[in-house]
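The same subunit A turns up in both complexes below, where it pairs with subunit B and then with subunit C.
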Partner chain A sequence: MAKQYEIPIGAQHISLLEPLHFKFTTENEKIVNTEANVFYVHRGIEQACVTKFKFRQVSFVVGRVCGLCSISHSTAYSQVAEKLLKIDIPIRAKYLRMLVIELDRIHSHLLCLSHVAENSGFEALFMKTMQYREFSMELLEAVCGNRIQYDFAIVGGVSRDLKPEVGQTILKRLKTFMPQLEEIVDIFKTNWTLSLKNKGAGIINKEMVYRLNAVGPFARAAGVPIDVRNETEDLLPWKEVGFEVVTETSGDVYARNLVRLKELYVSIRIIENIINGLPESALITETKAFPEGEATVRLEAPRGELFYYAKGNKTQVLERLKIKAPTFSNVAAMRAAFEGNEYASAPAIIASYDPCLSCTAR
Partner chain B sequence: MKKIETTLENLKKDIGAFYKEDLHHFMVMNAVETGDKMEIQWFFSDYAHPCETTCFFAMITPDEEVPSIKDIVLSSWVAEAELVDLMNIKIENTQKGFVLEPDFETGPLRKNK
Partner chain C sequence: MKLASYRKKSPWILHYNAGGCNGCDIEILACLGPKYDIERFGMINTGNPKQSDILLVTGPVTKRSRERLVEIYAQMPEPKVVISCGACASTGGVFRGMYNCEGGIDQYIPVDVYVCGCGTRPEQIIDGVVQALGILEKKTKELEESVRLKKEAVNEGKQLNRRNIADEIKPLLS
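Entry: the complex of A and B
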């Protein structure tokens, strides 16, 4: 048996975006075992939401769980609160929520792709992708007022309307973005050096996805069509605005890149359809009711299934709020994805898994 | 959401009879304090029947040990480790210190400590 070495990565490391810690056991440069610790930033948000804040304020608190998928958290919470209040929100608010969720998905996917490029040693592609991503941040600011942590979805609807001129700006900027997207798709698909780093690295197959309950692009890259937008239409009408699930089959870093890139086209189509067919209605449903009973909500965040559970007791303060982030579901599969791979591939695999520790540890 | 009550004795049998790897997606575990008891919940979604969430739940006293379902749902160890740390629940074969540092306050999400 060859000599085994234990190599720690993190919690602070140049290839890690967030504070997570891995301990790789390697044998001849191959990873044979992985230990992971993903909880360095527990902030007690769930507890704060049921002790310090009234239920209407909680959508602003959970918007701070994550800078990248803030809108997914505030929308999922608003939906679960609306279930407890037994209200339906205006149709325009539903469309506007979907619009911001898809804009958010574009900036989140581009961030992930840029880091995969960087961790694969392709600095120029990292910078190009980050440069192209900037438009999505500017559009989010134009729609919501903030580049991150938008406070857009609130209990009962949304906090701001979409001005017609902002809608037109979005359509114009998306047109400008299309050739840029084609350019990076071409590089991610055909670049020889990148393919050497990404093809066959960090494979998770279909059986492992089912066995380890993986979610999001991580699961879809292995050919499992798990996407909450495809499954539940009771709260947001995804198929009405052109949603289609994207899958790949090889389950490696390359396939995860392709899934994210193809999902960008789907997001663009959804955004265009929403702006071109935005229905007229109020923005919010007012109610004086208090949350009662228990409810759950699932929503497809950029990294996968986000799950909220809430229990109300007819007071201003919730009795229990539980948040399950997509990265949390992928922890078990992520550990398995490393095994058998070269240690040198670990940074690219980590980036392709797109971990969000702020969400996971909350 | 479909709620199915179970007991700690029947938990493995009930979840084992229900859970099929390629049909059900295990989402998470949760604990809710209800007076001097706790409701432990196991959430599953259904690949074949979208929109359907199934919740198995068992009422326990805080000093009871909950059986682990790791041998049925392989990935459940993450959710079990989280509950042990955040809610100070005893779960079979699950140690403290995955979600929080071992010397961190015990069960920070518990209201009735």
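Entry: the complex of A and C
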């Protein structure tokens, strides 16, 4: 048996956006065991949501759980609160929520892809992807009024309307983005140097996905078609706007990149369909009721299934709010996927998980 | 002397997330990207506190990350400038008063520039960093002044060499 060394990464590291600590046990440069330490950013949002804030304010607070998927959080909370209030929201609000979720998915996936490229040592691709990503931030600013932290979904509907000229701008920018996306896809697919780092790294197979409860692009890259958009139809009409599941089979970093890239095509199609067929109605359902009873909601965030549970007791303040973020489900699979890989490819594998720890720790 | 003049132009940035929501962090990443391109000021993102001049902190300080924050600050060499990015790093923001959070990073380390906004825009971050450049220059000068000590300017008739100055300032230092 060779000598084993322990190598830590984190909590502060150049390849990490957030405080995240991995302790790798390596043997001849191969990772044999991993310890993950993810709860550096626990803030106590769940407790504050049921003591400090009224239930209508909470949709703004849970948006601050995560800056990357803030619209997923505020939409999921709004949906669970609407279930407690027993109201139905206008159809236009549903479509606008889907529009912003998909725009958010584009920017989140492109950020993740650029991060994978940077951590694989491909700085030029990082710059290229970041450059192409800026259009989605500008569109989000045009739609919601802020580059991040949109505060778009509120209890009962959405806070802003989509102006027709903004819709036309979105369509125009998406058209200019398509050739750029094809360029990126071509690089990710065919670049030989990148494939050395990405193909065969961080493999997770179908059986492990089922055993370790992985969700999101992580699971879809292994060939498991888990997608909440495919399963639920009651809250947001995903199938109506042309959603379909994207899967890959090999389950390595390369497959995860491809799943994200293919999902961008799906997102673009959804956005085009939404803008072309946006129904006319009010934006918000007014009600004076108080939340009562229990409800759960599942929503597909960019990283996987987001789960919300809420309990109300006919007062302004909720009794309980529970958030289960996608990365929390993925931690066990993340640890397993490191095994047997070179230590040098660990940063690229971490980036390809697209971990969101502020969601996980709340 | 020459080293100091170069450092004025190209400070190295260290980024630490002390428990924020990632929003300001991705805006810092966007600053490094081609559109805002913070590297035109000679800045580069470095992962090593021992090589960096500017510390960009985001997020309200959670109880678990505060030791790391102070540790990173202590490892940075003088002169150093701290920028707090975002509302929650400056004051605690929406997280103020939550049980695992403190209100802002200035309770633990001295902050030179506060950048407001939730989330901060890249333009604001660049503005804050450019302000920090001025502060860094000022701090560098202060550091150099303390080496020369409060010695009056040397006039032509009375040239002193370094050893003489050292002898004179010895009682002042002790």
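We take it that the second predicted complex is superposed on the first by the 362 of 362 C-alpha atoms of A that agree within 3 Å, B and C clash if a C-alpha of one lies under 4 Å from a C-alpha of the other, contacts with A are read in each partner's own complex, and residues count from 1 in each chain.
Here, a contact is a pair of C-beta atoms (placed from the backbone, for glycine too) under 8 Å apart; a residue touches a chain by one contact, two chains touch by 3 or more.
Keep in mind it's a predicted model, so treat the numbers as computed, not measured.
When both complexes are superposed on subunit A, subunit B and subunit C end up sitting side by side without clashing.
Look at A:227: by the touch rule set out above, it reaches neither subunit B nor subunit C. Legend: residue contacts after superposition of the two complexes on their common chain; A:263 is shown touching neither subunit B nor subunit C. After overlaying the two complexes on the shared chain, residue contacts for A:111 are found with subunit C alone; subunit B is out of touch. In the superposition on chain A, A:213 contacts subunit B only, with no contact to subunit C.
Across the overlaid pair of complexes, the angle with its corner at the CA centre of subunit A and arms to subunit B and subunit C is 100°, in steps of 10. Touch criterion met: A:47 reaches subunit B and subunit C at once.
Shared-chain residue A:60: touches subunit C; no touch with subunit B. Least inter-chain distance for subunit B and subunit C in the combined superposition, rounded to the nearest angstrom, is 6, based on C-alpha atoms.
When both complexes are aligned on chain A by C-alpha atoms, subunit A residues 39, 42, 44, 47 touch subunit B in the first and subunit C in the second.
Listed in rising order, the residues of subunit C touching subunit A in the complex are 16-27, 29-30, 32-35, 45-49, 59-60, 62, 64-65, 68, 72, 88, 93-95, 97-101, 118-119, 121.
Across the interface of their complex, subunit B is touched by residues 37, 39, 42, 44, 46-47, 50-51, 210-213, 215, 226, 230-234, 294-296, 298, 305, 307, 309, 311, 319-320, 322, 324, 328-329, 331-333, 361 of subunit A.
Put simply, subunit B touches subunit A in their complex at residues 1, 21-22, 25-28, 30, 32-33, 41, 43, 45, 47, 50-51, 53, 55, 73-75, 77-79, 82, 86, 98-100, 108-109, 111. On subunit A, the positions that touch subunit C within their shared complex are 11-15, 17-19, 39-45, 47-48, 52, 60-61, 64-68, 70, 111, 114, 127, 130-131, 133-134, 137, 146-149, 356, 358.
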